Each structure stands twice: as C-alpha cells, then as structure tokens.
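Right, one structure below, let's go through it.
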C-alpha cells in the first residue's frame, strides 16, 4: 500500500489556503492537518515554501482525435502524461460521433482509445445529429455510463453542426436526464459565408482564419444557446469563451438569474490575434484554432470574468495537429485543421499571469483550474479538493520555481508550443495521481494505462434548483 | 387647383416647433411662414391653438391579409380610410409570398389589391424562401418598383420562417441593392416547442399564447438578426420590438456603432399581458398577436427607448381578424390567427400617453410617428416633414380635443378595439392627404382609389457610410 | 466537557451538501463523517431528514443602539438570544462614535454593552469624522482589537455623514491596515434636499420616507464609494444593497475586475414600498428604515444577484425602535427613527423564499447566510463552515417544519414584526452555540453573557492580490 | 446690402443632404432651392462638388483666459478668427467667476473682453460658489442677459470646485430658470489625492497628469452629476466626455429616460495618452488638459456614441497656454496649466476621421458640429441650420481639399498644434459669417469686433417635457 506524506506546505482549496500536511493512502487523502506523522513505508515530500493543491482538471481536451485517416500527435497516453507533467490529474475529453453514427458505438470507440491514459479521464459526448435512437442512447450514457454532459457544435456547417432544432431537442433531453448541455458557440452559417467572402477578397493565408470568425459570430451563438437553455430551464456551459461579447452574453444571463457557466482557454488568456499575421505560414497556422485568438483587450476581460465569477473554468482544447497536417490549408485557411496544444502549460501560464499579477488569489486559481470544473460536472470533492476522502490527485506547486516553456522541452508530442519562449514563475514540483508520485522535479513517471475512466453522476444541485423554480413559476390555465 | 391655407397653428417638425401658417397647392406644401395670405379659391383651416404636423406614417400594416380563404376585415380602402381618420396619410404594408411563390407575382397581386387605397401606400416585400430567382427578383423590385426594404420572419416554422441560411443570403443581397432588411424577431424553433409544451401542460386558451412566446424568444432572434447584419455590414430594422430584452439587444448594437433601428407598436406601449387572462375567450383572443403584449414594465422601457433614440418608429401591425376568425383557435391558442387593429388610434394613443405625460416632446412625437420612418425608408422630406416642397400630407392636431376610443365609433371594419374605453386628449381635427381635406372634425371624406403607390429609392445615407467604413477597415493578406 | 453528536443529517457547506454526522467537543467540531459514534456523555441530536449547517452570521445589526437618551428595544442579550432562536450564532454589530468622539472610547463603550451577549459577536467601527487621532486609532483597533472593517455613512447630513474627503482618507488608511471599508450608500445631500421638497409638497407621513430616498440616491453613493475604492485599490463592501441600480453598480465594478461585495437585507428581499402607504401610521412607521423598501421588481433582482455571485451576504440591520419611539416622527417622516427587526427571522425567510422556490441551492443558502460573511471578514473557517476545527456553531434545519412569523411569538423585544403573518417552511430545530444546545425545538436556552467577542485578523486574501496587481501595473516616470 | 449666392453645392443639414443653391442677404439666409438667381450686386460662390453646411459652433472654448496675471495666447479676436478659418461661426465661451466674486461682475468683465470677437459668441456662466446673491444673479443672467446654461467644475479642489451642496443648489435653481446645468466631471477629491500619490511615487513629469486623473475619476463625477440631475428632474449636459466609463454613465441614464447630453472634444476623438510619455517635456506638457487624453480604445467608443446618439456635440476646450506658461509645471505636473488648442482644426479633423471613414454621414457631421449644440442651447434654427430665416453663418466644404495641419500654418496664436502633421481631406473653402465672406480659399478676412453676443432663451423643449413628467408622476400624501 502506497502512502505519501506531504509536509510543510500550504494547502490551497477554492475556499481558503492554510498551513497543513497532507497524508495519502491507497489513492485517497486520509489526513489533512498540522504536524502529521508519516506511517511506516510512507514517502515524504517536502513542500516547504510550496503550495499543495488539487491536481488540475482540464475539462476540454481532444487526445488522439481522428482527422482524415490520421490522428493528432498526442494519443491518450502521451497527452495525459503531458498533463501530469503540468500538474493535471484529470482530463475530460470528447466523444464526437459522425452525423448518423450511433453514439453508443462512438462512445465505446473512444473508451477503447482512452484505455492507455496515464491519468484519470472522463468524456463529454457530442450530439451531432438527432433521432429517436440518439434520444434513447443519451439516456443509456447518463444512466449506465456516467456521462453527465453533452456537447453541441454550433459551427462546422455540412459536418457536425447542430441546427436549432437539434439544439432544442438535445437540451430538452439533457434536462430530463440531469445532464449539462455544453456548446461550441459560433454561428456556422456566418462562418461559412465569411470563409468564402474572405477568400474572395484574396486572403487565403491563416490571417483569413480570424477574419472568418469574428467575435460577433461567437457572441451570437453563445447568446442563442443561452436563450434556448433559459427557455427550456436547463443549466448550460459554454466552452472556450474567447471574447468580450461572448463573456458579456454570459454575464447578462447570470444577472437575469440563469445558471450559465463559461470556460476559458489558457491560450485565449495570454495570446492575441497578431499571431495570424506571422510571416511564417507554419507558425501562423500552428495557432489556427476556433474560436481564434482575439484582438488585444479581450484577454483582460476574460481574466476579470474568472475573478468576478462570471466565468468559471479554464481548459486548453488541447488538440495537437502537426505542421504536416496544418499544411493541408497551405492555400486555403479554411482547410487548416483547427487545434493547439496546452495541457502541459495551462496551470503554469495561469499561475504566472493570474496569481503573480494579482488577478487571482491562490484560492481563485484552484477554483478555476479544478474545483469549479469538479463541481459543475459533479465529481466534487472526489476531484478538485484537498480534503479527507478525496482522490489523492495533487500537485505540489513551487511558487519560486521558473521554467521557459518550449516545444523543445515539452512532453506533449505536438511539434509546436503556442507559449514558446515564455518564462513562467510558479511550476509543479510534484504531481500525485491516484496516490502515486508521477512527476517529481521534472522527472515524469507516467504509467500508460494507469488512468481510470471517471463516471460522473447526473443531477447536480443546479437541476434540483431549476426544478423548484419551474414549479414555483408554473403557469395555470384560465378557467373559461 | 386645390389650395389650403392652415392659419394660426404651431408647426411641429422633428427638429423643432414654431408658429407658422402652411399653404398647400396641388398636393404640395408651397409655403410655411408667418402671416401667409390665402390665394383666391383657397380653403382656410383655422389651426389656432393647434399643432400642424406631418401626417402619420404607419410603417407596419396588413390590410386585406389573406387567411385560409378569407381575408382580414379591413381591405386597403377601409384600412387606409381608418388611418386617415386617425391622422395617418401613408402606410407601408407587406407583400408576403408563400414559400416557392414567385415574389414578383406576389408583389403584383398585392399592388392590385392596394389600388383601392384612400391614402398613399408602399410595400415591404417578405423573403420567405430562397432561390436564384428570388435573388434576381429582389433586384427587379428595388430597381424597377421602388421597393427598398425586405421583411424576414424568423418565426412561423413550417410556414414562412427563414432559417439562418436564407437570412444570410437575403441580407447580403439587400446590401448589394441598397435595401434595408427588416425582421420579425422570434425564434420559431422555440415557439414551436413551447406551443407544444404549454399545450401539454393543459393550457389551451389564449393565455397560452404569451407563454409560448416569452421575451427571450424575441430577444434571441433580434440579437441574431442584428449579429448577422453586423457581420455583413448592412443596416437593419427590427419590427415590433415589444420587450426590454429585445430593446436592449438593439441598444447594445447601437453602442457598438451598428446602424440598427427599432419599431414599436402603439399597443405594446400601453397594454400588458393581463389581457390574455380575460375570462371571455373572444376578448382574450382578440389580443392575440405576435409578439404578444408583455408583462408590466416592458412598456415603460419602450417609451424610454423612443425618447432616447435607441428605438425609432411607431407602428400598429394593423391586422383585423374578426371574432369568427379568431374562433379557429377556440381549443388551441396556436390556431388563433394573430393580429390586432390600431391604425386609427396610434397617433392619439401615443400623444396622450407620450406627450401629455412628458415622455416625449411634440417634436419627438413627430420623429417617432412619421419623420424617422420617412428617413429610414428614404422618402423624407417628401413625407414626414412640414416644409416647402413636401407632399401636402398633414394633420392638424387639437391638443385639447378628447375622444373615447371604441369599436362602436371606429372607422376600421374590425370588430374589436384593443384601446376600448380609453379616453385620449389630443386628436386630429383635420387630416389633409395629397392636399385635400379628407377628415374634418370627425367627418371622414376618404376617397377609394385616391391613394398612390409610393416608390422608395434605394441606398439611403446609411449605405454610403457603411461602405466607407468597410473600406476603411478592409483587411489585407499577409505576404508570405 | 460538553459533546454533541448530530446524527443522520445532511451537512450543508457553501461548496457542497453531503450525508454526515457531526461531533462537537468543547466548543469545536471534532468530527464530520458517516456513522460517527457518540463518546460517553455526549448528547445526541437526531437530524434525520434535516440539514446541518453553519450557524447564521448576521453581519449587520444594531443592538442596544442609543437614541436620544433611550435605546432600541433589544439589548445585546435579548437581540443575540433572538438571533439564536433563529439559527444565528454570530452577529457583527457597529460601534458608531459621535463626530469628534474618540473612536477608541466609543469602541470600549460598545464592548462594555455587548458583554451580556448570548452569542458570539464582533464589531465594525464607523468612521464619522477625521483627524490624525482617528487615523492612529484605526491602527490600534486593527492591530490590537481585531477590528478589520470600518463603516462609513454617506447619508445623515449634519450628523454622522462622511464627505468625500473623509471617505478618501479613511479608505486609504483601511488599505494600509488591511481592513475592509464598508459603506451605507445614500447621497446625504440629496436626501437632505428631498426631505424638504417632499415635505413642502405636503407629504409629512411615512410615505414621504421612500420619496426622499429614491433608488438613484443609493445608486449614486454606491457608485461613488466603489469608484473611490477602485482608484485607491482597496476592496469594498456595500451594506444593505436595496435596489437594482445599486446592485448594477456593484456588478459593473466586478465586471471591471474590482473586488466589491454587496450585502442584502432579508427585508429588502421580500417586502416592497407599498408598506409606507399603510393607513395606520404605526404600521407604516414601523417599516421606516434606510434604504427604504423598494418598488416591486427590485427584490427579484437582489435574489438574482445573490444567486449569480454579484451580491454576497445577507443581513438584517436589526434595529428595534418601538412604536413610542417611532412616534417622534408622527408629523414629520424625517424624524421617525430608522430601523426594523429581523435577526430572528432572516434564515427562515431566506430559506422559504430562496431555497423552497429554487432561487438558491442549499449550499448557496449557506454561502449567503454565513460562509461568505466569514470569508469576507476573515473569520472563516472558524465560522461559516461545518468542518473539523471550526467553532461548534451550528443550526439543525428542519426543511419540513413550518412556522407563522409574528410579533406575538418572536423572542426579540421589538414590538413589531415586518414579516408578520408570513408562514415559512423550513425552520431551525436546534441551534448550537459554542458546542452548547441553546435552542431546541422552540425552547430557547440562551445564556446572558455567554457570547464572546470575536477578533478578526486583518489582510484577507483580497489585500495580497490587490497589492500584487498594483505592483504589476505600477507606472514609471519618463526619463527626460 | 450684402448678398451672396452659393451655387451648385449640396446643402447638408442634420436631417438630410440635398442639391440646392443658397442665397443670403443682410446676414440672413433668404432662399434655399435649385437654380436660384443672384440678385444684382450679389457675390456668387461656386460650390460645385462641395457641401454647404451650417457654420460650426464650438460650445466649449476659453479665449483670453486669465492665468496668474497673464492670459492664454488667443484673445477673443484671434481665437474667433482662427475659428472662422476652420469653418466655425459661433463659439460659446465661459465666464468663470472666482469663488466669492460677484457673478454679474464676472459676466460683465468677460463680455467686455469678448467685444473684439470676429465671430458671434455666447457664454456659459460657471457657478463656483453659493450664496443667496448667486441665486438671484443666476435669475438676472437668464432673464436679462440671455444666459441659458451654467457650468459646474467638480474638480479643482481648493479653487473653483463645487461640492455636492452647491451642485444641488445650483441645479435646482437652473431648473426653476429653465437653464441647462453643465458639468466638468472629475472627482476633485480623488484628483487631489492622486496628484500627491503619483508625485510621491517619484513621477513629476507630464506623464503623471493622466495617472492622477484616471477614467474612473471622470466616470464617478459624471455619474454623480447625472444622478443629482435625475433626482431634481433637470436636463444635464456633460462637457468633454473623454472615456468609455463616462460615456456609459450617460448612456445608462438615457436608457432610463433621462435627458442627458454629452460633449466630446476633437482631441479626445483622435489622440491617446501616449503623448504624455513624449521624451520632450514641452511636447508632453502641451498636451496637458483635463480630462487627459485616454488609452487607445476610448476614442472609438466616443465616435460610436456620436453616431448612435448617446453623445451629442463636439467641441475643443480651446485654451492656448504657451510653452512658457506650461513650463510652470516643469518639476510638478500638477502645476502645468491645463489646456490645448483646436478651434481651427475641429471640423476638418472630425470630417476626416468621421465622414471619410464612414463613422458619420455628412448629416450626422452637421448634427454633432453645429445643429445639436444649437438645439440644446436653444438657438436653433438661428444657428445650426441652412434654412430660410437662419443666420447666414455657413461653411462651404470642399471634400476633396487637403491640408496638413501645423502650428506653422495655423491662425491661432497658440504655439503648439496637437494635430501637428496630420493631413486631412475635407476642408473649408469659404466661411460666411453674418452674410459676409470671412474666409476664402485660405484667405482669412476676419474683422475684429464684428462678432455679436448671442442671447439664448431659457426653457428649451426639454423643460416642458420634464415638467409634464413630474406632474404625471407626482406623489400624493396618504390620508390618515
């Protein structure tokens, strides 16, 4: 039986930070308190001057994503291993069925691929089409498979885009099942038109990518999805909120009392759209993801949203297409496969730009990197908390440690690093997953296949509240 | 030759009010000034203590609307005559082709019906489907027929609803043609679902109507149409803005610098949704229109929008289905034909609740009842202005006159009056259309067929500005 | 040694709810977990079907408030006892020095009065004037006396009102000391004028009270205090936010990334301004407090603020003037002493209108009734948390229990109950203070003098973050 | 008798643009129409390809401003002459009494100074202190002297700053008199503190100026003044709105239905705060004015406000301190006299950046450069309109003409040009003042003393509307 005693650190949870030792045993935290003694055989980690925090949860990754007969560079093993190196102990990836594909089949396929994961993982399942079978299978996924969130792409016309009819059907079904609908918010019809318009203007390079997906395209879709959720009375989670207008749509809805949540990507917090005008195609193309990086000013608004509580989680959308794959769009930006890495860098980048600058307190850092995600997807306090009974998924964080991020030193198999050259202060010294030291002072000890699939129960608190609200406000017929 | 001298009144234009006489000849205003003398044979109207204003323009009516083999009660003659009795000298009605119907054919059909009009009139043309032929015919309508606005219904699924693809195509074509896109903003997919949901709750009466079309359904569609217009860089006009959330969508867009305009119906300014819970079915059903009347509080916000300039025009959506027609929805609110009257009462209701209460100055009244509409649809100052050279379409307004509005005394052929029993202070004493007295102290002298079709030129000022803006901001390709 | 075992309940903390027993010993919680066994001599409380929550903290009370030679009805004993009966185990009251009065003297006076308290208590200290001595004494209070918050009245001209100069000085000093400035936000100059204006209109009764303090008077002051705090880079807490406009000022500041917090009174959440038009003077006068109850619609906005996280705490401003005292303003509303009760009813009213209606989850209830206050005033998790090591201040909450609130049955010595006749579902079955059962199924066992003064340490997390932010953004001089 | 015929141009008014000739006689416009014939002796101006617009009105200048025994460079002659060269035919300057100075005396002093003006002029009068005499003299100014606006400085502590008590008194008096209160909106208490704080950080140069007056300082004051005006029910005009937050305060108030108006300076529309970090002291100091130039992004928001109608007028705050005067603050930025020029460049800069870029239509240009000011200060259509009966104050605008703005070529006596080096397209070819050609193709023919003082009547339309609104909403006493 494995036991680790983390001595002398400051435990940081979302609600507070305090001096305490942490003791783990058999994959669980068994004690949090001052002056704990190590049981026989326990490994002791000296956390003096360091923070002990819940391992990061990345609620938005695409490991091993199929693409025209190939896949992204990181498979579930290398991707989760890179995550561990960055202090992350859980990812939530996506099952993305093709239109007309049976969603249970797709789910099983992805489960199979994920078996090699080094850290714990779970899956959102995308609803890319609609039928009575899909409706039934959503029930099976929730009740039997521990899926409590469904993803909807509002962009990618003629591919996986949901129209309003499918959104309405799937959101309604999600409400019945106690599962959270989530959306990739971009108006696919407008993207389709703009890709053509921009191309017709003679702009074929990666700089055309952000021009074809301006902020209003995202804001419209976010507003629409939120309105549908409001009318249906279901909570909603908007992935990768990248711009002021979209964050404002969320804030407006929250001010109206709606239970709406927003996710921000590490990249959107620190990069801007100047990257697309880089003279080197490969560099510019390496930044092509959707929504794109935005004009300066947007990042600051996202940070403020995270601090104020109008935005809630941070993620990466980790999706590592290599230069050869990106080259598919050499003459047509709309053909560049969308995706960037980041699973390994997220925590350090957010700490450095968030905590070191006073935008976030350490507790707020924990909230937006693990605890809020765990709460929203109903795996709290198993994940996202340093407390007795929780999974021993921890990161010991050295606020004085520094590192220069680079493709040369990253563990991810991607061939590009969007944070290249950035020196961060504040890095993981140790990552503990399932009670095992998997990353120690730069030494990655990830074990292929050690990760477990995490079931997530349906009907988080929001659903009970929304149900009571609906009953309270239920209309009546007029007797005539 | 006919000449009228209006003596001793206060002329009110959108920019100011001033003491002046007004002289008309042969259908035009030929002098505005103090102490004018009447030419031989001129009729003199004593306007002492009264205001002399441009005749009202109602930019949103449905006269003689076909409905399941019958039509609304008011045809173009009785409807425009009722308008004249209320001080209105122009209406803009709608050509509404069936999906797949040739839009030029529909246009000609409506032009034929309108020949019996007593006042001047024009037409917005609805785009209810899309094809290359539609695209071409839009050009013919603009270039040959003086149509400079196209209407899009975002509701009425499985009937005349436009999906995003049609909106995008039609807005883009409107931009090329210099014509203003307009929208009926309600998310048809949500209405469709809610009609079923509400009915399933056992609510079958008219009180189900507003429940199936809550404010968020309107706000979502308004926001979406505005976003599409923004991305395409075309001005946009939202008809019948009825609620706070929708007005806010417009205000937000305007604050972003977008050229967006909003129309408000007289009914939405003074009624609320309690009407749908009237114990008498016929009464409740008589108020069924879309968007429905809203909870108290919304009206006040609309008034403030008109005053501040975030909303721009007022209309009625005059559409007089009778009790027998409304009875089609006796057991199913979704089958009640949508529509209410008002063309005759709009000016008096808005004066009484707007000017008498200090919400609007007299000049602001003129702005929102005629001048702004004339400017937006590019027929200013021919219409909407008391100035030399303008059409002699005038109303002499008695601010001390009172009247109790009622179905019993109205000129409209509808069998209901949504303003029933309301006593207004401030009524037309004389209406002058094309330089002829057509309404004098309660005596309606409307002449069938006297009204003229008004052509409206394309490319109002907004289009030139938007074009320059686009050129200024035009992106460039990166040389690589 | 006292020990209590609470068996079979659902523990509710701000971050989650879970089935667990709770064991207390010697005034502290010593275990939280399933299937705990009672130590010898322990009292067992059956919490089956009930919630076990942190005792309520009321951050805004005025017990034993001096007023023209008399005091309010409730002294620190009866007031805190009433609080215990309602499930509250801590209050934060106010030391209010007269202008020119030494603030340490005032502090000692209040400390003396509070010695008879039955529950734990602490003090905000009001800064009502400014001098070098005041500046120094603020330091003494923070460093020696555990005061970490200072109160500023922006109303009450010619009495305790702070002008901008004092606000600026005191906020700056608070920042240095790591203490939270708080404000009663009403523009005293406007109140002064309006009291005269309203009186001059012939309105002398209590209905004049809200007319002399409209929402904009509060919103202006809130906005001003927030702006000053922003410029000085100090966190700020706005007491008794009562209206939409004021809550929006807070939300705007938070969206800008400012650390601003808002408190809401139970009364403002459920009452409206119609109370001031009650035909009975005594009834109307009994509701006179500042800010006054607001027009319908404001309450709903406050609820949404609490749910979304734009507002943070709930309180009562408990201040029980009796009918005879209120009669001082029989002929002049401006002379009616301001204050209402509520310390006993707050939790039940907020549960009933908040949790039972789906506005709040049980965890959100705990957040806004105790945990957030404890965090903001830096006594968390000693207070506001059901966790090992926390004070054994608990309430066992019976969600099925009902009670009709009334002056006849209340424990407070006030002679009026603003919630009179309201039947709530969800009431405390047991209150535990310092590990002792002080309220059991309606039986109040409060002990005079048992309450302790709670010191609150300075420099909560917000201060460290703000300091880093300032350093990050520090401007530099231009070398010339 | 002088007569001018302007042939072949496009007349631009705020409501529309149209082809017409314009004929003036004896200082008035006597005809506007197509194909006018010149009377005998008339001068003909060929306006082919040009626009004929109302002469610009600059509602905010400080000519000949006294300063520590000297005055600004431009006196009323050179300043108004420079204005004429730039197409401006009227200025509204400020009478600024010292505290305790009799305001009528100050008014007379300024009137005397202004007699040498070359163009028409008028005066706002500042209220810098309060007494019964001031109250009475405000009445004299309005009733006898044609003053209909009063200015209030919310900054400049220990000098001309108004506290809330004076604001409240003066706004109330303005309402009685039908005069518009206006405010310089900056919180003087915060400026006072920040000047010290910034200096204490070792920042003594001009870069300290914007640091001591951040946007929130302006926004707070604007919000406060607007709130006071709202509570008192008086319209209000905010001068030199420079930042997003302040413009938003105005927009919020307007959305609430309040009659609030905002002025923007040409400089704030095109410059940003980088000027204060210029390595040359004189250059940096030359830009010192209050509010200071703002970070990039603010200008764009102001443009959008002008276009949408949330902001209304443009001005310059023309106040030409020379380098020697500016040097007073060589070692202390707070001692640099505040002021920049611009009266000569405003129209060209706004045309070039506004109309040429599609931000404004030509009619919107006229609205914000003359017509709106004339309406708000009740001298419309005497000023601000090309129409029969209006003053013959006109500018013939050559949209193809270009000019590079420079201190070397300017007519103003200032020794700096904040628009130095900017090449504008769109310049005046002719300026006509009182029916005389005073600027012809670069040849300035200004006549000293030719300008007239313009009386402005009280009680513009807004006052009548506000009075009706107050009566409509008047509260009543409860009968008890």
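A, B, C and D label the chains in the order they appear, each numbered from 1.
Criterion: a contact is a pair of C-beta atoms (placed from the backbone, for glycine too) under 8 Å apart; a residue touches a chain by one contact, two chains touch by 3 or more.
Predicted model, so just to flag it, every value in this text is computed and none were measured.
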*Touching both chain A and chain B: give me those chains, sorted by label.*
none
*Select the chain at the greatest separation from chain A, using centres from the mean of Cα atoms.*
D
*Computed distance of Cα centres, chain D from chain B, in Å*: 38
*Between chain C and chain D, what's the gap in Å when you average each chain's C-alpha atoms?*
48
*Distance from the CA centroid of chain B to that of chain C, rounded to the nearest Å?*
52
*Residue numbers of chain B (touch at least two other chains)*: none
*Touch graph across the chains, line, ring, star, complete or other?*
ring
*Along chain D, where are the residues that touch chain B in the complex?*
14-17, 251, 254-257, 300, 303-305, 307-310, 355-364, 371, 375, 380-381, 385, 461-462, 464-472
*Note which residues of chain C are touching chain D in the complex, please.*
163-165, 167-168, 172, 187, 189-190, 193-194, 198, 201-208, 211, 214, 216-217, 219-220, 223-224, 227-228, 230-232, 276-281, 284, 474-480
